[in-house]
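Chain IDs A, B, C, D, E and F follow the sequence of writing; residue 1 opens each chain.
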Amino acid sequence: MSKMTRIDIITRPEKFEELKQELNDIGVTGMTVYQVLGCGIQKGKTEMYRGTPLEINLLPKIKLEIIVSEVPVSKVISIAKQVLYTGEIGDGKIFIYNVENVIKIRTGEEGVLALQNKE
Amino acid sequence: MTDYIVNSMWVFIASVLVFLMHAGFSMVEVGFTQSKNAVNIIMKNFVTVAIGVIAYFIVGFAFMYGKDAGGIIGTNMFFLINKPDSMGGVMFESFFFFQAIFAATCVTIVSGAVAGRTKFSAYVIFAIFAVVVIYPLIGHWIWGGGFLSKLGFIDFAGGTAVHAVGGFCALVGAKLVGPRKGKYKEGRAKAIPGHNIPLAALGVLILWFGWFGFNPGSTLDITSPTTMHAAITTLLSGAVATLAALVFSKVKYGKPDAGLTLNGALAGLVGITAGASMVDYFGAIIIGLICGIMMVISVQFIDQKVKIDDPVGAISVHGLCGALGTIFVGLFSVTDGLFYGGGLSLLGIQVFGVLICGATAISLSMVVFGIMKKTKGIRITKEMEDSGIDKIEHGISAYISL
Amino acid sequence: MTDYIVNSMWVFIASVLVFLMHAGFSMVEVGFTQSKNAVNIIMKNFVTVAIGVIAYFIVGFAFMYGKDAGGIIGTNMFFLINKPDSMGGVMFESFFFFQAIFAATCVTIVSGAVAGRTKFSAYVIFAIFAVVVIYPLIGHWIWGGGFLSKLGFIDFAGGTAVHAVGGFCALVGAKLVGPRKGKYKEGRAKAIPGHNIPLAALGVLILWFGWFGFNPGSTLDITSPTTMHAAITTLLSGAVATLAALVFSKVKYGKPDAGLTLNGALAGLVGITAGASMVDYFGAIIIGLICGIMMVISVQFIDQKVKIDDPVGAISVHGLCGALGTIFVGLFSVTDGLFYGGGLSLLGIQVFGVLICGATAISLSMVVFGIMKKTKGIRITKEMEDSGIDKIEHGISAYISL
Amino acid sequence: MTDYIVNSMWVFIASVLVFLMHAGFSMVEVGFTQSKNAVNIIMKNFVTVAIGVIAYFIVGFAFMYGKDAGGIIGTNMFFLINKPDSMGGVMFESFFFFQAIFAATCVTIVSGAVAGRTKFSAYVIFAIFAVVVIYPLIGHWIWGGGFLSKLGFIDFAGGTAVHAVGGFCALVGAKLVGPRKGKYKEGRAKAIPGHNIPLAALGVLILWFGWFGFNPGSTLDITSPTTMHAAITTLLSGAVATLAALVFSKVKYGKPDAGLTLNGALAGLVGITAGASMVDYFGAIIIGLICGIMMVISVQFIDQKVKIDDPVGAISVHGLCGALGTIFVGLFSVTDGLFYGGGLSLLGIQVFGVLICGATAISLSMVVFGIMKKTKGIRITKEMEDSGIDKIEHGISAYISL
Amino acid sequence: MSKMTRIDIITRPEKFEELKQELNDIGVTGMTVYQVLGCGIQKGKTEMYRGTPLEINLLPKIKLEIIVSEVPVSKVISIAKQVLYTGEIGDGKIFIYNVENVIKIRTGEEGVLALQNKE
Amino acid sequence: MSKMTRIDIITRPEKFEELKQELNDIGVTGMTVYQVLGCGIQKGKTEMYRGTPLEINLLPKIKLEIIVSEVPVSKVISIAKQVLYTGEIGDGKIFIYNVENVIKIRTGEEGVLALQNKE
């Protein structure tokens, strides 16, 4: 069974639509999206609310979870870098994990086959 | 057809407008507090209406408008027994209806200030006491033929009787119950933002709408242009204060603050309440301006210096602006105000009246909240506060999705 | 200037207050049901207003207030053709406006009870039938000069004509369409909580506001203190019922139940509707007390014993309390009630009237819902129910974030 | 007791109903746009009320109702100085109050159309200009004794003066500020759905409620059945248009569209505004029908062909239906309409008036928005648009959970 | 330390209650649920909103995250397949990951022990 | 490339602020937060809603996802235990996973470097 990898991309919500489009273009057909809160170097900010400091130390982020096998991980990463890069803090991070198996419920297919989103 | 009929009708319609203010208060308080306590806020508002009406019917009205005893308190018409046919120039029924709906309004002011950490039962006990004793007592002094009215103290529609009294009780309640957990860290105030600004905005606009019953209705006389004059001053003061709070918060904090802008509208409306019928347009504008700005300053001052946690700004909006507005009558009244050549006499009376009423409201609510604090406790547990009053005290969340 | 003008004006203003009740009903129904069906609820409420007004204009009003035929039904003024200049002592236009807005209210009651599993088209067909036949027919009997009014049956503002009729139709609709999926598991009722308590609370307060047009407006006469008296009894009954439901739910279930407290207010308001002008304050308080408690018992009974799924409690609030309140007129009417020395005669008439109207509402709605069930079907598919009516029948969600 | 008193009272109460329309507009605009800009919408609505009232008090009213100069503009009563005791047959105070609340309404229409991408400061500057110049100028022509009123142009309650003018300004604003990011992709329109349909529905029902002050109030005379007649035509037109939009959207797009149904109600209400008092019931129904359907067609046309991004449909609802309704007066007026044997003369005047007012509104708002676009800019940055105006311009989100 | 496995089941929200019930029956006592948005073969749909196409290309999905050790992974998979299978696109997918360790905060137990949800 | 580890902490929402603070103090600079629903030994509860039992069998929980490399996993775990421990059911669980790689979009750094949230 060839290697299956999970790529987690955590970034700004604003960039989501564009990223999704570009990933589609390189053949990423499935993804799962989470609305999360995050902090990293980007430490949040302090706003004033009724004259009192309001520390917002978790910012809304979006996490894309993409499990790939045929599409090379490097390609996904380079697209993500390209689309998401602004040079500002908060561009986000990508985390890579190993996936042991995938099952497609509708067909019962396992592994790499289960990831082939072609009908 | 007499003026009597038309005025009775008018007072009745005004009361109905005032009734919707309960929806306004509920939405403002819900919007300006955290979602985990929204059901509790709703329950407090409903219980306030229910208790307010019932208690006022049984004893409150009698204390307030019953036969005067020594300028201090009314003594008959409990359960409306032996009610007259007319009162204040209108049908008794209209008069009572108007007053009964006002009564519940005063108490409601407190519920927002103590939101998020107060025991439901403690609030209920306070509400009963307030509508049975505090509001009718002071109301009697001001409107029911008591010593303040004899002295010439003027509070047109309740700048002091309703708002300042409510606001001062709110001050005591919020002080005694203590700040919400996480509000002060190492002595520094932290914001705990409300969870639904659009709902709060809806509430403010509903309140404003109700205010056109609250203020103009208080003339009890639609045949006189004074009533509509009071509506215009109400409109102007509210508008100016909205703008003042918006601009002032922008200058002070860099961005136009939504919460303060909404509070600004209320500050202007509260500020004009005591004198709506007797100040002119320019008076109304200046009152709105001062109240809008002072409220912003006060909200920060109470939050950061006095360190009393008032989630909705009730102390500043109702307490401060209610008191200021009452005193301003002594300055801006076109008949007797200082700025209109009326000398210092009315001003003195106004200041005296506000002080007396303020002191009374503060002492009485200190007694009630104080005794409860010593005995049954007024504060929810740390766990309940963490996970929200709704889940634990009412067994439900305000918003359920899955 | 005559009473005629002032009364016409008053009835008109009262109608406008009643109109806002549609906003109240919408928010109560939305708040008490699941978010996945919120758009559908909104659409039902809008279509109800639209159809209610149009159908009532075309035929409903004629059936209800047209020339009486055999005490059963009205027979002229279709499309308001040949309308008189005045009616009920006020300008015809005011009278019709008031009635037209009432008509739509009755139907709306059903929409909440069948929420979450009923076909939009089936609801629309029922709504047309209800506003063309059921409501005007029974309305004619009670208010339009039909046999019940000739008999001396009293229904001041629609405790039976609007609420009980609506509630009984709701009973039939909810029964025939069956419970929502997941409501009963192995024969045991499970709660499906509403998704937005603050919105439901706003709805209840708006309804209460509208009720001050609904009940006092029904005297069609603002020159008499009776109108304001009806407002005070409405206020008292609503307040007492709110408190009764709150306390009773706390005693019964351990925690003050928010949903039942909100329903409590409505129960008291419905309960007083039939007799608001003719019971005294104590009558109003007792009616509120009984309705508040009976509603709580009934909600549980219908949910768990009768096993009819009524998401908003419409059957108990409108059906039960409407019927009870109408019967209570026979007990509490200060002129003819049993408890006030009026003997059994009025009580008998009231019971008879409620039974007749109830039976009619039930049979007629059984016919309509029954025929639809046999033919086109009244229930949405299992898939649509699972994923929500909004997404499939209206192609949109009520709340969209991403 | 004279008609004078009762009419003054009525106009005042009608104004209060109209005031609540600000809550209606706010909720409609919030509900139909994205959550990330909800605070901004709220702020715009509050600032509109504030500025509208103040500016109208200072100069707007004078321009509109001051002593006529050449049929073009009013020239006295700045700050209401030298105001008369009565105006339009009612107390001056009532008259002014009614007018002041109308003034803010016109501007509000624009705020929805430019939502989601316009600088707060640019909107504020436009709002000041609109309430100081555009609205009073055209208002003077139509209602203040200007040349259009002299010509016999009829606009009963503001189909053109308020709605069409507002709608045309909205058209210019939305065009000049450009579509929201993502609205058009490769030249094809994409939907950006609103985030809270129940809130939008609440807003529409509140607006409808307010409309019963807006239209009937405009007779300034409650003693005449015409006032209630205007209420019934308003009710009918709104109802028919709701249904028309619902059915038409279902036929056209396969599913009954919630947004268009809500807009449908507003389309019917706007459509009847110009002629509510002078068309008969059938006229009202036909006007409702046409407006309901034309609005749906127009929304799609503007969105997809003209490619102007109008998130709430203000251009179609207020601009188109306001203009159509005004022209329809020339067809359906029972006294002078073409269909009622009145010939072409009134129709000609109506068309001329709409063209003149439309052209004026468009040119003036093009000047203001155009100059701002060239200088300070009217559009927020791409970043602000992406992350929402709330977070950046107001430093807060409308909804906060954690 | 015996192997611990994480099973992610992404499927239609409607099916959640039933799935949870069935998993309980085979001894799955703990789970964490995420409300996510997803696309795969099921590409979303186009609705009309005010007469303009509204592309909904992410559909609301539910993700169950179940960490098991004693309960065999295969059993969880077969139950999931059984409950979730409709044959329609959108039935969902299952992803399997390796878990390095588990700690139960209340007891301090680690590994397989930490997963024993019996008192 | 030195080992990178992902630590998932699932616990009561109430404890979140404190935990975040303490983790900051030991040098955890980045985290991603999920609002989830969970059940474990803590089986939910039955409330009364309008007199009818309302079974709430999923409780709102918060999940912190922390990827660390320099900060020792054991330290994170011990802090979490310390802050979150109440001895009551519902204290929560910690799950540990292996991370294959991390990329920081803004700088393009990979692996451990990408985790160094110091500027």
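Just so it is clear, contacts are C-beta pairs under 8 Å (C-beta built on N, C-alpha and C of every residue); 3 or more make two chains touch, one makes a residue touch a chain.
Values in this document were obtained by computation on a predicted structure and should not be read as measured data.
Student: What chains do subunit D and subunit F have as common neighbours?
Tutor: Chains that touch both subunit D and subunit F, as defined above, are A, B, C, E.
Student: Look at the interfaces E-F and B-D and say which one is made up of more C-beta pairs in contact.
Tutor: B-D
Student: If you line up contacts by residue number, which pair in B-F, A-B or C-F shares over half of them with C-E? Let me know.
Tutor: It is B-F that repeats the C-E interface.
Student: Under the over-half criterion for shared residue numbers, do copies subunit C and subunit D use the same patch or different patches to meet?
Tutor: Subunit C and subunit D contact each other through largely non-matching residue numbers.
Student: List the centre-to-centre spacing of subunit B and subunit E in whole Å, with centres computed as mean CA coordinates.
Tutor: 52
Student: Measure off the straight-line distance from the CA centroid of subunit A to the CA centroid of subunit D, and report it in whole Å.
Tutor: Here subunit A and subunit D have centroids separated by 45 Å.
Student: Listing for subunit A: what residues touch at least two other chains?
Tutor: Touching at least two other chains: 13, 33-34, 37, 47-49, 54, 58, 97-98.
Student: Subunit C: which residues touch two or more other chains?
Tutor: 1, 6, 13, 193, 196, 202, 254-255, 257, 259, 395-396, 401-402, in rising order.
Student: Per the contact definition, I'd like the list of subunit B residues that touch subunit F in the complex.
Tutor: That would be residues 182, 383, 386-387, 395-396, 402 of subunit B.
Student: Given the complex with subunit E, which residues does subunit F contribute to the contact?
Tutor: 5, 10-11, 34, 36-41, 57-58, 61, 63, 77, 80-81, 84-89, 91-98
Student: How about subunit B: which of its residues touch subunit C in the complex?
Tutor: Within the complex, subunit B contacts subunit C at residues 1, 5-6, 8-9, 12-13, 15-16, 19-20, 22-23, 26-27, 30, 38-39, 41-43, 45-47, 49-54, 57, 79-80, 85, 91-94, 96-97, 100-101, 120, 196, 199, 202, 393-396, 398-401.
Student: Subunit A touches which residues of subunit F in the complex?
Tutor: 6, 20, 29-34, 67, 97-106, 108, 114, 117-119
Student: Going by the contact rule set out above, which residues of subunit D touch subunit E in the complex?
Tutor: Listed in rising order, the residues of subunit D that touch subunit E are 188-191, 193, 249, 252-255, 257, 259-260, 263, 296, 299-300, 303-304, 313.
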